[in-house]
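In what follows, chain A forms one complex with chain B and a second complex with chain C.
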Partner chain A sequence: MRRISRRITAVVAAVVSLALLAGFLPVTRAYASTAQHDIMIGLAVANAYVSQGWHSPGQSIDLQNAGGSTAGVSVYSQTKWISGDAMVAYKASYISDCTGIKAEYKTGGGATLGRTAYVHINVSGSIPSSWNMAASGWTVEYLGSVINPEPNAPGQGGNDNCAWTGPHEHQSEEVATGSVNSGLSAGNSYATGSTWLVHLSD
Partner chain B sequence: MRLLPRNRLRTRATAVLIAAALAVLATTIGQAAGLFDTPPTPEQMEHDARARGIEGTLHVITPVPDHSLAPERHGPYLFVPLGWHGDLEPFGPVGTPGAGGEASNDTGAVESSAIWRNARVPVGLHLDHAWSESLSRDARSEFVDRDGHPVVSTTVRLPQIRPIRVDVWTDGGTRLFEYTEIDGHPAVTWRTPADAKGEIGVRLFHEQSGIEYAVQLSDTRTLTLPDAIEILRSMLDAKN
Partner chain C sequence: MVPRIRSAPAAGLVLLLGLIACTNNSLPVPSGTPTTVTATAQPEAATGAPSASATVTVDTFVPYPAGTQTGDAAVDDVVRAFLGRDLAAMRSLARLRDVPCTTAVDSAAPTCPTGSPAGSTVSVLLGQGCHPVFWQLGELANALPFQVERITLLAVAAPKDASLAGGHFVLFGIQSGGVVRGWGITASRDGFVEIDAGCGVAPDVLLQKDGRAPFLLELRRLQ
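For the complex of A and B:
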């Protein structure tokens, strides 16, 4: 009887090992205990067309509506929880030659993990000074809408430091700890419900 | 508790009621006149998000409108409330030198440009990188601490239009942007709310040269506004 039991145990162990190796059984992903959130595309359309890939200054990308007009489209701070604790987003001061707003993303302890500038948008006057990035699902904060025309563009009597040739959302990222999605390229469209731009990790 | 005469109590109560009514009226007029944008409702935002394929838990932030501000002119600066859609005084180009110039992410090239100003920053910080949208018109830099975290950023630029627009907001009615003078030059200081542990900044317009200087602190645990002003002064003294 004992020998039969041992054999059964050995067979079960072998089957489980093979299943794990073959990827049939779910393996708990080894996330760090620290907070991880993704900054997503801010343009509120189903699919965003990248009219200019990551470009200077810093890490910036230009986005348009892949399925219609871009002017007047809402722009959100959209973040997605991946693991760990909540984070806090702040409406940050912004020095810019164009029209836009910057959000700063911090840990609950106050360490800055990254900043995102949302440019060429008619900024809402009702953005709270800070908001909680929940430890589950998505957190969405309204920032404004894509402006047309950009009043600071040279063609509108503005300045040469504000490059603008048509309605788009320019989203630039500064990352202290984390990574930028280098897989996005100009001329392609991406689903805003799943495409991340920056992975924040403390 | 000291008791007030009934007529004084009545006067105070009336004053409070009038103030409250005026505040409500100002907000209503501001919204009705379309001076500020109308943010979507939480229901609209959720519907919008689901339509875009966002699944699972969704936390929608409800904006808190603050329509108490109006545009204000301070020297060369025009304070514009965020979200303001009403009229503004006209902006006009100025004949500032420095037309053209290429954008650059090359720190060495930016440091060699005529508009670059060396900044003296506190011990423990070092220049991480510099960049420019136009080497003849602006130079920007970021200083980081030993761990590589951004602490100080600077800007030197030739503003092309007047007035110089400053987007302002309040923290529940508390002013965060202030017009001031530093060493006789018009300047603006700003901060994010104390509980936000956010940013502090100062910008100054040097009228003789047409150059604007700005310093922004992103780590305010160790540095304060006087530190930002000292860094800005070091840039003013560097070359001018």
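For the complex of A and C:
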């Protein structure tokens, strides 16, 4: 009786092992995954010119089209997966003083890793409330286009809190967990395909 | 670190979908059309029409040789420090002004240092560009274009801003990627009080914005 029981147990174990190997049975396993995504330059050009390096308020950088006119150039939330899980981007808020939009980046568990303000852009009315930052390749979400002139600038009848003298994309970064690319220098141009602004990591 | 629960079949399915995705090399093309897409490579760049007045090639203006004397010792000090990409010298020549700071986000006023209340005074160097920037002394490395391919002296004029009377507007050409853009410094009697990154414009455009006659050194175009 005991021998039969052992045989049954062995057979069941073998079947279960095969099923597991074949992927037919769900095997739940918990593991900690470090999600890493890069926030890239939002300007949809091949090379972006840094007209002013990292400056306040917050950690901001002014970007222009290195190869031509900046006015009207499309601006995207452009993020690049590095490793680990997907993240989620949220349409966070509109910029109050100037024309722009803020995106917030969270882990799947809801922890906020950072925010980006895309300023001086003609904000699209069709930005979804959230979008998945895929765990592969690039994720791009259209936000609008570089505005010219900025209607909220003082010279355009706007307010003193929206300083603007020429078309550019002002990209302002808040980083809860991660780092800002301090290697970017004013007066230089950078390939948008390989130049990250912020490295988000949970 | 975010714990995740996953199943082997789900992982297999993700792997399968990933393999399928990898075989699709078509890239999203930013066209201004609202869309959400996931790309396997960078989205194709938009093709903006070149702006004739935005930038100039390296041969458009004739730079003054290094060591050129302007006749004003204070200007010469600034020019020497800037052309020499001497950050320490630039720091010692920067003349800051005290202005009230703000704790508001995205304000045009300088941001208060951590822990300082709104309205407290901060010492900053005024920077122009695509918008005013208030540079603290420790941030000067971010403000100055010292990693560009080439910096040249192009002109020295009187400042257009009447509040800067007595100083000089010094126009430089900064070359990056084979393109020369204007970069300006307003020199005072013992240093400099303002920088203008130019918002990517050509040197002559920046000179027109910030400088006026009389000139210590005139902008020279290649004949």
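Throughout what follows, the second predicted complex is superposed on the first by the 167 of 202 C-alpha atoms of A that agree within 3 Å, B and C clash if a C-alpha of one lies under 4 Å from a C-alpha of the other, contacts with A are read in each partner's own complex, and residues count from 1 in each chain.
Throughout what follows, a contact is a pair of C-beta atoms (placed from the backbone, for glycine too) under 8 Å apart; a residue touches a chain by one contact, two chains touch by 3 or more.
This is a predicted model, so every value here is computed, not measured.
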- Mind checking chain B and chain C on superposed chain A, clash or fit? clash
- Task: Look at the residues of chain A and decide whether chain B or chain C touches more of them.
- Result: C
- Now for A:N122: first (chain B), second (chain C), both, or neither, which partner does it touch? first
- Classify the contacts of A:T192 with the two partner chains as first (chain B alone), second (chain C alone), both, or neither. both
- What is the contact status of A:N65 with respect to chain B (first) and chain C (second): first, second, both, or neither? second
- What is the contact status of A:V140 with respect to chain B (first) and chain C (second): first, second, both, or neither? both
- Query: Looking at the overlay, what does A:Y90 touch: chain B (first), chain C (second), both, or neither?
  - Reply: first
- Task: Return first, second, both or neither, reflecting whether A:G53 touches chain B, chain C, both chains, or no partner chain.
- Result: second
- Item | chain B versus chain C as contact partner of A:I101, first or second or both or neither | first
- After superposition on chain A, which segment of chain C among 3-11, 39-47, 129-137 or 147-155 overlaps with chain B? 39-47
- Both chain B and chain C touch chain A at residues 44-46, 56-58, 74, 76, 78, 95, 97, 111, 124, 126-128, 131-132, 134, 136-142, 145, 160-161, 163, 192-193
- Can you name the residues of chain C that touch chain A in the complex? 1-10, 12, 18, 21, 28, 30-43, 45-46, 48-51, 54, 104-111, 127-135, 139, 142-148, 174, 176-177, 179, 181, 183, 197-201
- Query: Can you list the residues on chain B that touch chain A in the complex?
  - Reply: 36-37, 39-40, 45, 48-49, 51-61, 63-67, 69, 81-85, 91-93, 99-100, 103-105, 131-134, 137-138, 140, 148-150, 155, 157, 159-161, 165, 167, 169, 171, 190-193, 195-199, 201, 203, 214, 216, 218-219, 221
- Which residues, counting only chain A, touch chain C once they are in their complex? 20, 23-35, 40, 44-47, 49, 51-58, 62, 64-70, 72-74, 76, 78, 80, 85, 95-98, 107-109, 111, 117, 119, 124, 126-128, 131-132, 134, 136-142, 145, 160-168, 170, 172, 185-189, 192-193, 202
- Task: Sort out for me which residues of chain A touch chain B in the complex.
- Result: 44-46, 56-58, 74, 76, 78, 90-95, 97, 101, 104, 106, 110-112, 115, 122-132, 134, 136-142, 144-145, 151-152, 157-161, 163, 174, 176, 191-194
